[in-house]
Amino acid sequence: MTTTDTAAERATGQPRPPVAPGRLPRVTLDRRGTSALVRLSQGWLVLIVALAVLAPVLPLASYAIPIGAPHTAPDLGSFSTLLGTDGLGRSMLSRVVYGARVSLVVGAAACLIAFVVGTVLGLLAGYFGRWIDSVVVLVSDVMLAFPGLVLLLALASIFSPSVKTLILGMGVMGVPQFVRLARAHTLSWSAREFVRAAKGLGANPFRILFREILPNVLPPLASYMPIVLSHIVVAEGSLSFLGLGIPPPRPSWGGMVSAAKDSIADQPMLVFVPALAIFFTVFALNQIGDHLRSRFDRTVEQ
Amino acid sequence: MKRNRTALAVVRKTGRGVLVMLLVTLAIVVLMASAPGSVAEVILGQNATKANVAALNKELGVDKPVFEQYTQWLSHALRGDLGTSPLTHQSVTTAIAERLPVTLELTVLAVLMALVLAVVFAVACASWPGSPLDRALTAVSSVFLSVPAFIAGPVLIYFLSVRLGWFPVMGWTPIGAGFGENLRAAIMPSLSIALVEIAAFHRLLRTDLIGTLGEDFIGAARARGMSRAYVMFRHAFRPSSLSLVTMVGLSIGRLVGATAVAETLFSLPGLGQLLITSIGSRDVVMVQGMVAFTGIVCVAVNTLADIGYGVVDPRVRRVAAA
Amino acid sequence: MTEQSSSEQKDPRAVKPEPLLHVTHLRAYLSSRHGVVKAVDDVSFEVGHGEAMGLVGESGSGKSVMSRAIMGLMPRRSDRTGSVLFKGRELIGLPRKEMSEIWGPQISMVFQDPGRSLNPVVPVERQLTEGMRRHLGLGRSEARGRALQLLREVGVSDPERRLRNYPHEMSGGMCQRVMIAAALACEPDLLIADEPTTALDVTIQRQILDLLRRVQRERNMSMILISHNLPLVAGRTDRTAVMYAGRLAETGSTRQVFESPRHRYTAALLAATPTITHERHSPFRLIPGTLPNPVKPPAGCRFAARCDHFHGPCHELGPDMTPVAAGHHVACADPVPAPAAVGARGGEHDGR
């Protein structure tokens, strides 16, 4: 059981010589701050947003008109041919950039709707409780019970797809997530001393709600926006893939994947280019979302 | 006393589940009734005569007030009748029953794959948090999280079917025609919808395991000299799997949506494919019946997951709805 | 301990029997948001066979981390150096596998909050018997029999029913009795009790501490009893070590430390402690100030900033532990003057 040197020590009865105090414990600290991956993600989003916003002024060919032979390989010669051409000879880069416009406009608008509506409902439910709370929670439970994509499909079956209906549908889809978060945060802030004191002093409840609670609830909620946005980008892509998103000839990433999927054996690039665009965007949003949540949402561990 | 409280919780949760189901179906009927133009016009197209439209509307019962439509729909639905498609003249219930096995198999297979992989990943990560292994697996899972079915599907087809030839590109072999062949047809579509869930389960379980491993009772079990594996599986795993139960329940909804994509991509005769074709042909009755069905199934699964909590956690009677 | 102190009196370098636990230059650092916390910073002491040592200090002084550093149950992102000799065997650097042979049958531990140190989803029986089944190779029914016996020993009524309970079905005091039974299950030579009563009702605290002292004596086991509550420790230990900001301030027999404290910190701490013998209307003398920053502890005496006797030498490199009486060591540049001789013999000083 005992190691030899301590056994020897015991035999001689000599106390163990003190350990040289020179060796100090080495502890690696938690690495905080922004990781390289988060920076890359931010870079990608900046790039894609810039391209989408600047698309009309960029030297880009139209996404609808062929610029050359179909299936040409990427060519550094001109901006429009950087990613080659698709099956109809249209510029892939132009289609990817204009596809980003659709994804981002729909995503951002829907996310904003979900954020505003969800936050207000969650605040009211969490603060006033009673029947308002019961109704809001029940309604958001009903909405959560609906598989988001199935809800959008049901909507697509009765309304003809357009940017407006897509934004509305996806905005509604995102509401319950914000309701839950806002309600939970409001509940915890409402129990705080300063809020209870304000209540006891008879302050106007809406004043308390919007002056005292909202500013505290906002940062953690806003930190969820990239995550919700990524869900919406995925949902929009799925709808377009199923042919129920933005109608052609407007390009969308999901539609591009769908159109190219049957020729994947011969022309894999036509699938991979839009697929990577979606992947990078969703990945970047998830990374940034995780990063923001770890900074602003105290309920997230670590 | 204790047993009574447990029973009461089950009854309460079931009651709430039923209430949510009613509201879900009500919402669907209201939604469908609010479609611009009458259903009959949509079905019959632009060349329909007014008389035809009125007749079909009457047949479908959509000329009545919305609430009456709902009670009528509900009373039929409770008897297992979700209506008959005015286009194919097939009973919606029959159509669902025909297509269900495919979707069910895809979903179950996806959940199983996701659970097994996620548990292996999460246990490995939580055993050596911060290690290169942990970081590698977490990175893999971040990638999976960002690969929705309509991306994963084509990529899997390209690499596993086109390049390697391991699996058929598309098509379905029913289980009756041989288990192996059936699995060969099912594995790629299931995997394509499972990737996101692997990541979701893994992230959740990893965080919960690491949290649990920091608890005093884990230190106490270690201080009794219990081995690493014993502490992980006999002490840490169960309390950490609580939120996973809820997560699996919630994943069903996402998976049902994703099966529509996978079935379309791989040409599988499942519910999702039927839903997409019905939407294409404006078969409102079929769409309504299928959406109601999936809604009810999802609520049922989530209610079960909620009740299942009590099985995993003996405290749940005390800590109501944690 | 007695032999050791008397031999020390004659010649500190004389051959002495190996203590059960010999801690030298122990340092344990943890990571935190604010930097590396030097929770234990160069601590040396011994615990003899069958001896109960109290380890006292304010919360945040590093007592808990020290107990875990001895055990080898350190949190993530932490490190310890120095030496922990247990029965002559170095525990620092011992592989986990060998450590797990020591945990239970050699050293075991009772934790602060019994409500949190029992697994909420595992019945009491398994938590009580798993150690015996692993270390003593007992079968299910044998282990169960011993578990019932242990529960009776720690004063649990209706032990058969308790075995089937989940922790949340028992009171805090009952949970702690179960924890003690589990810690005793494999007959350890050293029991470390880390604030075993802090989370319990005042009335239960005494019972639990008396129980610990009783089993410690009956089993002739060594014990380290950690507490911030001085009077509770006083009556139930042979020796006492006072810890302040990651260092030991004073060690000695419990009687020496409580009756003639020599370190300024110990004296201030005792003056700030209400006892029943305390005159009812005389004011408490709370120690002004707070513990120093554990990330950047001051050079020299760490108590200097709060000490009303500090002067130049206090800020120089830390005072080392120096003997002031037989078995009584103090790390203070300007110790409290010695009162009339107090016996070195460890005692049942009645602090109650």
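For reference, chains read A, B and C in written order, and residue numbers begin at 1 within each chain.
Note that contacts are C-beta pairs under 8 Å (C-beta built on N, C-alpha and C of every residue); 3 or more make two chains touch, one makes a residue touch a chain.
Going by UniProt, the chains are A = ABC transporter permease.
Quantities reported herein were computed from a predicted structural model and do not represent experimental measurements.
Asks: Tell me the chain pair with the top count of C-beta pairs in contact.
Replies: Greatest number of C-beta pairs in contact occurs for A-B.
Asks: Please name the chain that ends up farthest from subunit C once chain centres are defined by their CA atoms averaged.
Replies: Here the answer is chain B, farthest from subunit C.
Asks: Any idea how many Å lie between the Cα centroids of subunit A (ABC transporter permease) and subunit B?
Replies: 21
Asks: Centre to centre, by mean C-alpha position, how many angstrom separate subunit B and subunit C?
Replies: Roughly 53 Å separates the two chain centres.
Asks: So the centre of each chain is just the mean of its C-alpha atoms; given that, what is the distance between subunit A (ABC transporter permease) and subunit C in Å?
Replies: Subunit A (ABC transporter permease) and subunit C have C-alpha centres separated by 50 Å.
Asks: So which bits of subunit C are touching at least two other chains?
Replies: 77
Asks: For subunit A (ABC transporter permease), jot down the residues that touch at least 2 other chains.
Replies: Subunit A (ABC transporter permease), residues with two or more chain partners: not present.
Asks: Considering the complex alone, what residue numbers of subunit A (ABC transporter permease) touch subunit B?
Replies: 138-139, 141-142, 144-151, 153-159, 230, 234, 237-238, 241-244, 254, 257-258, 261, 264-265, 268, 271-272, 275, 278-279, 282-283, 286-287, 301-302
Asks: Touching residues of subunit C toward subunit A (ABC transporter permease) in the complex: what are they?
Replies: Touching subunit A (ABC transporter permease): residues 15-16, 18, 22, 24-25, 27-31, 33, 35-36, 42, 44, 77-83, 85, 87-90 of subunit C.
Asks: Quick check on the complex: what are the subunit C residues that touch subunit B?
Replies: 68, 71, 73, 75-77, 96, 100-105, 108-109, 111-113, 116-122, 126-127, 130-131, 134-135, 166, 168, 179, 182-183, 185-186
Asks: Provide the residue numbers of subunit B that touch subunit A (ABC transporter permease) in the complex, in ascending order.
Replies: Answer in residue numbers: 16, 19-21, 23-24, 27-28, 31-32, 34-36, 42, 142-143, 145-151, 153-155, 157-158, 162, 207, 210-211, 250, 252-254, 256-258, 260-261, 264-265, 275-276, 278-280, 282, 284, 287-288, 291, 294-295, 298-299, 302.
Asks: Across the complex, what residues on subunit A (ABC transporter permease) touch subunit C?
Replies: 1-3, 6-7, 9-10, 13-16, 18-19, 21, 23-30, 32
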